[in-house]
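Structures for review follow.
In the two assemblies presented below, subunit A is common to both, partnered first by subunit B and then by subunit C.
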Partner chain A sequence: MMHLSLPEFADYLRQLGQGALITLELFLASFALAFLFGVLVGILTLSPNRLVQGLWRVYASIFMGVPSLLVIFLIFYGGSAMLAAVFGAAGAGIDISPFGAGVAALTIVYTAYIAELVRGAIGNLPKGQFEGARALAIPPLVMWLKVILPQALRLALPGLVNVWSFMLKETPLVSLAGLQDLVASAKVAAGATKEPFVFFIATALFFIVFSAITLKLADRLEIRLERGLRRTPQRRDAGVRA
Partner chain B sequence: MNALPVDLALAWDSLPALLRGLQVTVLITALPLVFGLALAFPLCFARMSPRRWLALPAELFVVFFRGAPVLILLYLVYYGFGQIKALREGPLWVLFGSAFGCAILAFSLNHAAYMVEVLRGSLNAVPHGIVEASEALGISRRNVFIWVKMPLAIRYGLKAYQNEVVSFTKGTAIVSVVTITDLTAVANSIFEQTYDPFTPILCAAALYWAFVNVLRIGFDLWGRWLDRHNAVPPQEQAQQRAAVAASAGEIPVPAPRRRSGFRRPVL
Partner chain C sequence: MTAVPDPGIAVSVTGLVKRYGDHAALCGVDLEVRRGEKIVICGPSGSGKSTFIRCLNALERHDAGRIVVNGIELTGDEGTVQDVRQEVGMVFQHFNLFPHLTALENCMLAPRLNRGLGKAQAQALAMKHLERVHLADHAGKYPSRLSGGQQQRVAIARALCMEPRILLFDEPTSALDPEMVKEVLAVMEELAASGVTMLCVTHEMGFARRVADRCVFMDRGAIVESGEAARFFDAPASERLRGFLAQILH
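Moving on, here comes the complex of A and B:
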């Protein structure tokens, strides 16, 4: 069935492995940035200020209503011109790599989704949490880091897991801007060897397995974040047995 | 430096081409929505069946076509099926031979896999007592499904369905990789002709945004129509608002966490 010699096949597998590494780097970098900015934007947009609310609405509506692919293209093609406009001559010399454009675009798009989740989670927290922290004279920074955000994270976790797996499936779009990631390597290998099924199914399985492993980790994280809600360690076992 | 990054004359000139691209995008969204939904029903029944030999293949279908990126599915169908000799000579070549047919097939499979989960979640959310009550009244299982379970499931799952339709619509922007000239492909070709990185892509983005928001408004109207028996007349609305304002001084009670049986896709 295979018209390939083993060394050739191993060579393509190595290329796929390198591509997979790039895909994962791109995904993890974008998710980390989107999470950081998402939490910040989520907190900032809790302000009732009209201007803040207006800006948030426009930002969220645009980036939730436009395909990520177009945002990637816009930054990849137009990024240099945008940098030149903002930073003047210093920015004009910077060339935008596909990787950089991908990270920037995915961060901008998914910051909107994560900020929306964080806003919702903080909004669902009882107001007593804020009042209690204030009554105990806890400084604002400590209140956010130790009281509000850990609880908000618990509420936002199911949504964050959704964003995680959805964003993973959108990272291959950056290959259309010329990034030699997993999908691009699979396409090259499939075209050269005339074995499209082997390479494309292997690539698909890579995404499925990675997301399955990380979802298991997310379940563990959920149990850990809910540890404050469990009164005794036995309660969960009792529930399982019942 | 021009203050506006958009070249209005170019935008006006490229509008007809972009609108033709939008037509293709609408078509390539609408057909998989229909086929995918039609495919999702039998798959969902198989997935929910207590028989392992029915449930397992359906589950594997969902895991594969939901877990793989759409771009891979598109490549798999477009480059993969062309390699099968039996297919090339068979009557189905009409479908697999054209880029359009391949794209529709790949998108339909992907949408069907997502819809199986949406349907399953919505059907599981229907309270069991209602179904038991209907059965106790001697209504046939088919009629219980059509007249009792489905109407409720549609209401429970509408938001999840909207999210899936919207994210699916945005996902169709990749069809240009298999030579279909959709909205994104038109914008790209205008960019290649003019080297204007902003005008064509921003115009295409505006059209996508409009399309997505038309869908959103449509779903909102649909949801309001489904919920019309709960619609509050204007004078009662005013009373409720006054009551809420009066109770605003009280300690707000956090809403109980809803335990829904499925995770809604957020996107």
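Moving on, here comes the complex of A and C:
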């Protein structure tokens, strides 16, 4: 049984709650930014320009190849020096928090993955969708927002859901740069109380419940994005099964 | 040049050249289309007929020559391209409807943006043109719920919602099952009677005979022969057109 008094236990739970909040903030901020930049970069990489292609290939191979933890450390420990190099004395004065370093690192890494998904999805749309919009004199920005991206996101959705789940599981890495997130709080509580199972299992449950809820939402989003499409099996699939 | 454009001329093309790498898809095409004229363009595959009408609304950029549409010369300038596209409606072989929007929404998108219409006005306009293609009952359906012929008629309504003065058709019935060709051609014939200028790439020779003021035969990137429909079919002057007609009429 636990050797904890109820008030002590409640206090640790409260810390866990605060950690969970930080984890969620870190995750949602990073995902939102990675999504925004991922879509933009994905569109940009469709340009046949060789400089754009070259930059994209270098960027993607670095950040899909290097462990995220290394990127977090590079930004947390090396970020101030980098800012100083770019912005001079003004940059040197900026202190990088573990949270800021975490958001920056996760955004940079996952922008690459999301851009790759979006780029593939747009590439799979029929060329006629672009031509239909152009022939109607629909301006480029509206074409992307109303015609192309809604269709591309439907195609990219399964991949985006994977990125979502995977990114959530990577957020505890930022605790190694000193962020008091959920996993760090659980570790403190477990160490202090000698009750590892209670706190680590509670933490695991948090991740499981959050994932389950958001995956349900993703299903709803999928139904919404698939409006207009027949929900019967494609002829091609039927052919494969036959 | 500051030549005053002749208001009776809808489309004027001179010396049009389009290259893909080393291959010249169009090598010097001249064509003048009067306002209200119906032109049918035919020719073997690879003859440049699709490329030609796609140049008229700048879906393909031409490499040399002059294209003047409704008095606006198509240059590299994006502004003139948008101006031309406002006046020219296009119907594609594969419809190119937006699958995530209903028939009504497909028709409303461009007028709301380009003509500054409010939602109610755009909807009324879209319904008017869906009615014109006999699809008012299907306005709320997504394209995947419609037959090929119905989809193509929605695409025609979508083009009409811009109230264009010129309509381009790029093989509008080639992707349709035979039983649906008729309903699309019937709508196109009704349109022709309305006085709009039409340029239509098609192999539907019955349609050409009934509707076309002039038929144009293209081969290897050039216009080989053109003329009034009856003479075009019954007394082709060139060997190449005779050969082509023999092939498509079996």
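Everything below uses one rule, namely that the second predicted complex is superposed on the first by the 229 of 242 C-alpha atoms of A that agree within 3 Å, B and C clash if a C-alpha of one lies under 4 Å from a C-alpha of the other, contacts with A are read in each partner's own complex, and residues count from 1 in each chain.
Operating definition for what follows: contacts are C-beta pairs under 8 Å (C-beta built on N, C-alpha and C of every residue); 3 or more make two chains touch, one makes a residue touch a chain.
Keep in mind the model is a prediction, meaning the values are calculated, not measured.
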Looking at A:L69, would you say it contacts subunit B, subunit C, both, or neither? Reply first, second, both or neither. first
I'd like to know which partner A:K187 touches here: subunit B for first, subunit C for second, both or neither. first
Is A:P150 in contact with subunit B, with subunit C, with both, or with neither (first, second, both, neither)? second
Considering only touches as defined above, state whether A:K216 meets subunit B (first), subunit C (second), both or neither. neither
Just to be sure I read the superposition right, which of the two partners does A:R134 touch: subunit B = first, subunit C = second, or both, or neither? second
Residue contacts with subunit A in the superposition, subunit B compared against subunit C: B
Does the superposition put A:P126 against subunit B (first), subunit C (second), both, or neither? both
Residue by residue on subunit A, keep only those touching subunit B in one complex and subunit C in the other, then list them. 126, 128
Residue ranges of subunit B in contact with subunit A within the complex: 1, 5, 63-64, 67-73, 75-76, 79-80, 83, 167, 170-174, 177, 184, 187-188, 191, 197-198, 201-202, 204-205, 208-209, 212-213, 251-252, 254-255, 263-267
Per the contact definition, I'd like the list of subunit C residues that touch subunit A in the complex. 57, 59, 82, 85-86, 88-90, 92, 94-102, 109-110, 113-114, 142-145, 158-159, 162
State the interface residues of subunit A toward subunit B in the complex, per the touch definition above. 61-62, 65-71, 73-74, 77-78, 81, 85, 113, 116-117, 124-128, 158-159, 161-163, 166, 168-173, 175-176, 183, 186-187, 190-191, 194, 196-197, 200-201, 203-204, 207-208, 211-212
Under the touch definition given earlier, write down the residues of subunit A that touch subunit C in their complex. 126, 128-129, 131-139, 142, 146-147, 150-151, 154, 225, 227-230
